[in-house]
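Here come two complexes built around subunit A, the first alongside subunit B, the second alongside subunit C.
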Partner chain A sequence: MWLTSKIKQVLLVIKPGTVTLPYPFEPHPVPEGYRGQPSWDHHKCIGCGGCAAHCPARTIFIRDLCQDLRVMVYDGGRCTYCGRCADVCPEKAITMTKNYELATGSKKDLCTTMELFMATCNRCGRCYEMETKNAIDRMNLKGYRYDNLEMRAVLPVCTEQFDTGMLAKSDRFKRPERIGE
Partner chain B sequence: MLANLAKKILPRSLWVYHCNSGACNGCDIEILNVLTPYYDVERFGIKVVGSPRHADVMLISGAVTRPTLPLVKRAYDAMPNPKLVFGIGSCTIGGNMWADSYNVCGGADQAVPVNYFVPGCPPRPEAIIYGVALALGLVPQQAAPVELKQMEFPIDMYERNKAWEDRNVIYELLK
Partner chain C sequence: MATIQALTDQLKKKFGNAVTGVENPSATQLFIDFKKEKVREICNEVLAQGGRYLVSVGTDNLAKDGTLGLIHTFAFDKEHYFLSLRTATKESEPIESITPDIPNAGWSEREYMDLLGMKFTNHPKPKKLVTADDWPSDIYPLRKEVPFNIKPLAAENVAYQLDECPEGCSIVPFGPYHPTQHEPAHFALFVDGETIKGSDYRGFMIHRGVEKLAQTQISYNEIPFLAERICGICGSVHAASYSQAVEIAVGHKISRRAEYIRTIMLEIERVHSHLLWLGVAGHLIGFDTVFMQAWRVREPIMWLGERLTGNRKTYGMIVIGGVRRDITPELKQDILNVIGTIEKEMITIKNAIIGDTAIHRRTKDVGYVSTEDTIKWSLVGPVARARNVDIDVRRDMPYAAYDEMKFSVPVVDCNDVWGTVLVRVLETFEAISIIRQALDKMPNDGPILTPFEDAVPAGMHGITAVEAPRGEVTHYVITGEENRPERWRVRAPTYPNLQGVPMMLLNNQLADVPIIIGSIDPCFSCTERMEVVDLRNGGMKVMSQSELEALSRNKR
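Here is the complex of A and B:
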């Protein structure tokens, strides 16, 4: 009896044929909408840091080397491939590629480093304030206006020296009525 | 004789011990998925064994949490030499989202030396097969560090250099 059942099994197996993928020797296409390794387009990137602010795994680091050079480091090892950075990017500089063959012996193979030249203000020659975290904060931020002389006094020289207390003080600023007051 | 033949045909049959060090089971399901007939890894001689003493390779999944740290170390010590360790998933590489959490030790490489990393959250079964095939030398490595640089000139620096060059031209004419 066991022999007939084995023969029956063989006949059953012949019908579907081989289902095993010949994967490592032939490429296997990924489904539509698959999110693999994100890739940066450094020609489009404006260095706003939205991706770094929104990354749930905190894989994107920003470092300002000097006034107009900003370095962004993406540590791909810890990435969850959620696609959040590609969603928030205002310039569509980040795309989720379909590359998943990322196995490696070293963590450093997964990193992306990007050096960006930051634009400076035409009037004062300093970088724009980039520390503001989201769009709502950005709307509350008092922008640089040429007629607002009080704001010019508190405009941050660089992000390290920026103090929110200074900004609050400028809200209560009263213009002197007489010279020397 | 059959054993010798098997050694020639399959010189590198890896027996795998699957070690979950506090993973969310996503990676574990993908590891089990690799064993199904669709992604059959037994054609490479890979087999999951129940004891670390029988294993050549340890597959670690999960950021090594504080309670599992001594257990992972003991399982690693129990494996006979030579041994390989594969980190499956992003958690093993640097702790993933819990990189700065108090309860994980920040990746499997903090606990045991890891030879190969397979990133992904969870990695596709193909990605795990790719990692194993990379260790066996069947496929070339594709991942490499990327460095991007904006080659566009910062304009004022360009103008400053231009002015300096123009001044020097005059000095050269005077010579």
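Here is the complex of A and C:
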């Protein structure tokens, strides 16, 4: 019993041989549809902010510097590479590239900044129709988040918003006894 | 047989006015509201009728009607439905604990003492469970008025008070960081010589507040991605479970094709998880051939996941309304090829280890729990099936496309760790067969994603269970305002199973602790240093690996 098991185990080990990949010395290709680093095509982007509103990890921020200039910042340091931004983009301006070798000494290497010139509508003066019946609002109905884009820039919420009364309570908190006392 | 009708009648007859409302929105869901004074009697009656305890859900309704809600949920496996017993209590009034009758409710109730400030009478062990030792005792993080990112000041020299050590025993600390555990969890083992006579557990050191985050920060369609990150091994299970709970709560139908794709993804995950566990179990008993070979066989399925979903793990595939990517005919052939190879390799591995006396000696009669105790403690998954408890929500509460799948549920009566090995190996073959059936029967048309057409109504309840590789995952969702759930309760399979570990450890040898704990949940990590503390002067010296090796060699 014991010996036959051992013989079977030896065969199990010998048969496949070496399976380790020579990876760092030879490139390791990834399959089609791989979700690597996202990339923005500024020719296609219309600046709707859909990606910013739907990023589960909240890594994409948008701020309007003035009426004609909208800045988008992608902070790859917190990105989970879920590819949700590419899914919701109405213009297919976002692609998940095959780039996965992202180790870097500087977080800035992972960030993308895009300045978009937003043409003004001659009739209403707005860059983008934010009233009813636009794509974002419809998504909102279907369970997506839609925040005020300006507010997004201050995420994560800073310490001023803490409840100070609650914080004071923790000062007077009576500590449990020490072990051994 | 306690069908929905029979059970409702029985409870109404027995408790009369204490039962204040009955809701039966769909065939698998039954909600009963009752007055809190009768909680223990009603739960006992439900147990007597054949209910299996799942989890309790605490809710904060203070802003609405000044109460804290408590929902005890049960599964009726034979009759295929979930029962949720809902009650509420004023903030200052205690509620009776059900833990003396249902030991597995112990953690749920302790959790709400910590997180919601509920008070329970007659709880056998009313100690801290979730919050940190220095967390202020009057801040309840799951209450609505507490911000999600509150950071109270830290306190020094605060420690959890362990249970009383039995007479004549000494305490061996196991963890928080132990070479055989991949997550920090502290077991204090009370040993008499080498034999374990009892233990106390202090875990939840990596409590991340996922539920609070989902209830305050993100919205319905983003939570699947957060849910997936609850677990690195069975991520799809949590995403599927959450999505189903929301779909059930609001009565949203998804296409049949999407359900089939979900089934395939869940089973692919099971194959990978069981192979991973098999490797880890081999590693824990010092049999690294199994570890290397099981993980070699597992690797192609990781690559398959990459081709199907774009990522090795955390597939990001399952969202509310369906799935994100389709399975094309080429991918279908790809899946068939990969699982064919894995099945062949799996047979080789099975033959190589099934008769190995070394494995038998390390696992047989280790971690013994009787079938009665398994049922009493509501253990789930392979841990329960290895102890002759025939439960599997894929068969009992069919979800996704499991109602059309033909598979057997392996149940063995070894009642020990060897049983969990057997069950998991056999389940891998069943999973492969399910993938084949699903690919074969999958309808060729139909949308893969059916999003909501309208806003999600608030105040709807939904409960669902999904059979994860380690046992069943239970999710309870109460929909809320602002496009996010008001309450989302996640119960992972380790939650009930870990409560059974002290029972499994009892009267076993200290050397078997890693494999007993590993038999419910795979874990390993490697630390090549240790600290030597000199008690007399309090000095500390960190020894390097070479020093340690030299020390141990010289001893010999």
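Methods note: the second predicted complex is superposed on the first by the 105 of 181 C-alpha atoms of A that agree within 3 Å, B and C clash if a C-alpha of one lies under 4 Å from a C-alpha of the other, contacts with A are read in each partner's own complex, and residues count from 1 in each chain.
Keep this in mind: a contact is a pair of C-beta atoms (placed from the backbone, for glycine too) under 8 Å apart; a residue touches a chain by one contact, two chains touch by 3 or more.
Please read all numbers here as calculations on a predicted model, not as lab measurements.
Trainee: Between subunit B and subunit C, whom does A:Ser5 touch in the aligned arrangement: first, second, both, or neither?
Mentor: A:Ser5 sits against subunit C, while subunit B stays out of touch.
Trainee: Per the contact definition in the header, classify A:Leu110: touching subunit B only (first), subunit C only (second), both, or neither.
Mentor: Once the two structures are laid over each other on A, A:Leu110 reaches subunit B alone.
Trainee: In the superposed arrangement, which partner chain does A:Arg78 touch: subunit B (first), subunit C (second), both, or neither?
Mentor: It touches subunit B, and subunit C stays clear.
Trainee: Which holds for A:His54: it touches subunit B only (first), subunit C only (second), both, or neither?
Mentor: In the superposition, A:His54 contacts subunit C only.
Trainee: Is A:His43 in contact with subunit B, with subunit C, with both, or with neither (first, second, both, neither)?
Mentor: Once the two structures are laid over each other on A, A:His43 reaches subunit B alone.
Trainee: For A:Asp87, select first, second, both or neither according to whether it touches subunit B, subunit C, the two together, or no partner.
Mentor: Second partner only, subunit C.
Trainee: Look at A:Pro16 in the shared chain and tell me whether it touches subunit B only, subunit C only, both, or neither; answer first, second, both or neither.
Mentor: A:Pro16 contacts subunit C only, not subunit B.
Trainee: Of the two partner chains, subunit B (first) and subunit C (second), which one does A:His28 touch, if any: first, second, both, or neither?
Mentor: A:His28: touches subunit B, not subunit C.
Trainee: Going by the contact definition given at the top, which residues of subunit A touch subunit B in one complex and subunit C in the other?
Mentor: In subunit A, positions 19, 30, 56-57, 80-82 sit in both the subunit B and subunit C interfaces.
Trainee: Would you pull the subunit B residues touching subunit A in the complex into a rising list?
Mentor: Per the touch definition, subunit B meets subunit A at residues 37-40, 43, 90, 93-97, 99-100, 109, 115-121, 123-124, 126-127, 129-131, 133-134, 138-139, 141-150, 152-154, 156.
Trainee: Which part of subunit C faces subunit A closely enough to touch in the complex?
Mentor: 133-134, 136-139, 145-147, 149-153, 155, 157-159, 161, 218-222, 225-226, 229, 289, 292-293, 296, 299, 303, 306-307, 309-311, 314, 316, 320, 324-325, 348-349, 351-353, 355-358, 451-456, 483-484
Trainee: Quick one: in the complex, what on subunit A touches subunit C?
Mentor: 1-2, 4-6, 8-9, 11-13, 16, 19, 30-35, 54, 56-57, 80-84, 87, 96, 140-146, 156-157, 159, 161-163, 166-167, 169-171, 173-179
Trainee: Okay, in this complex, where on subunit A does subunit B touch?
Mentor: 19-21, 23-25, 28, 30, 40, 42-43, 45, 56-58, 68, 75-82, 99-117, 120, 125
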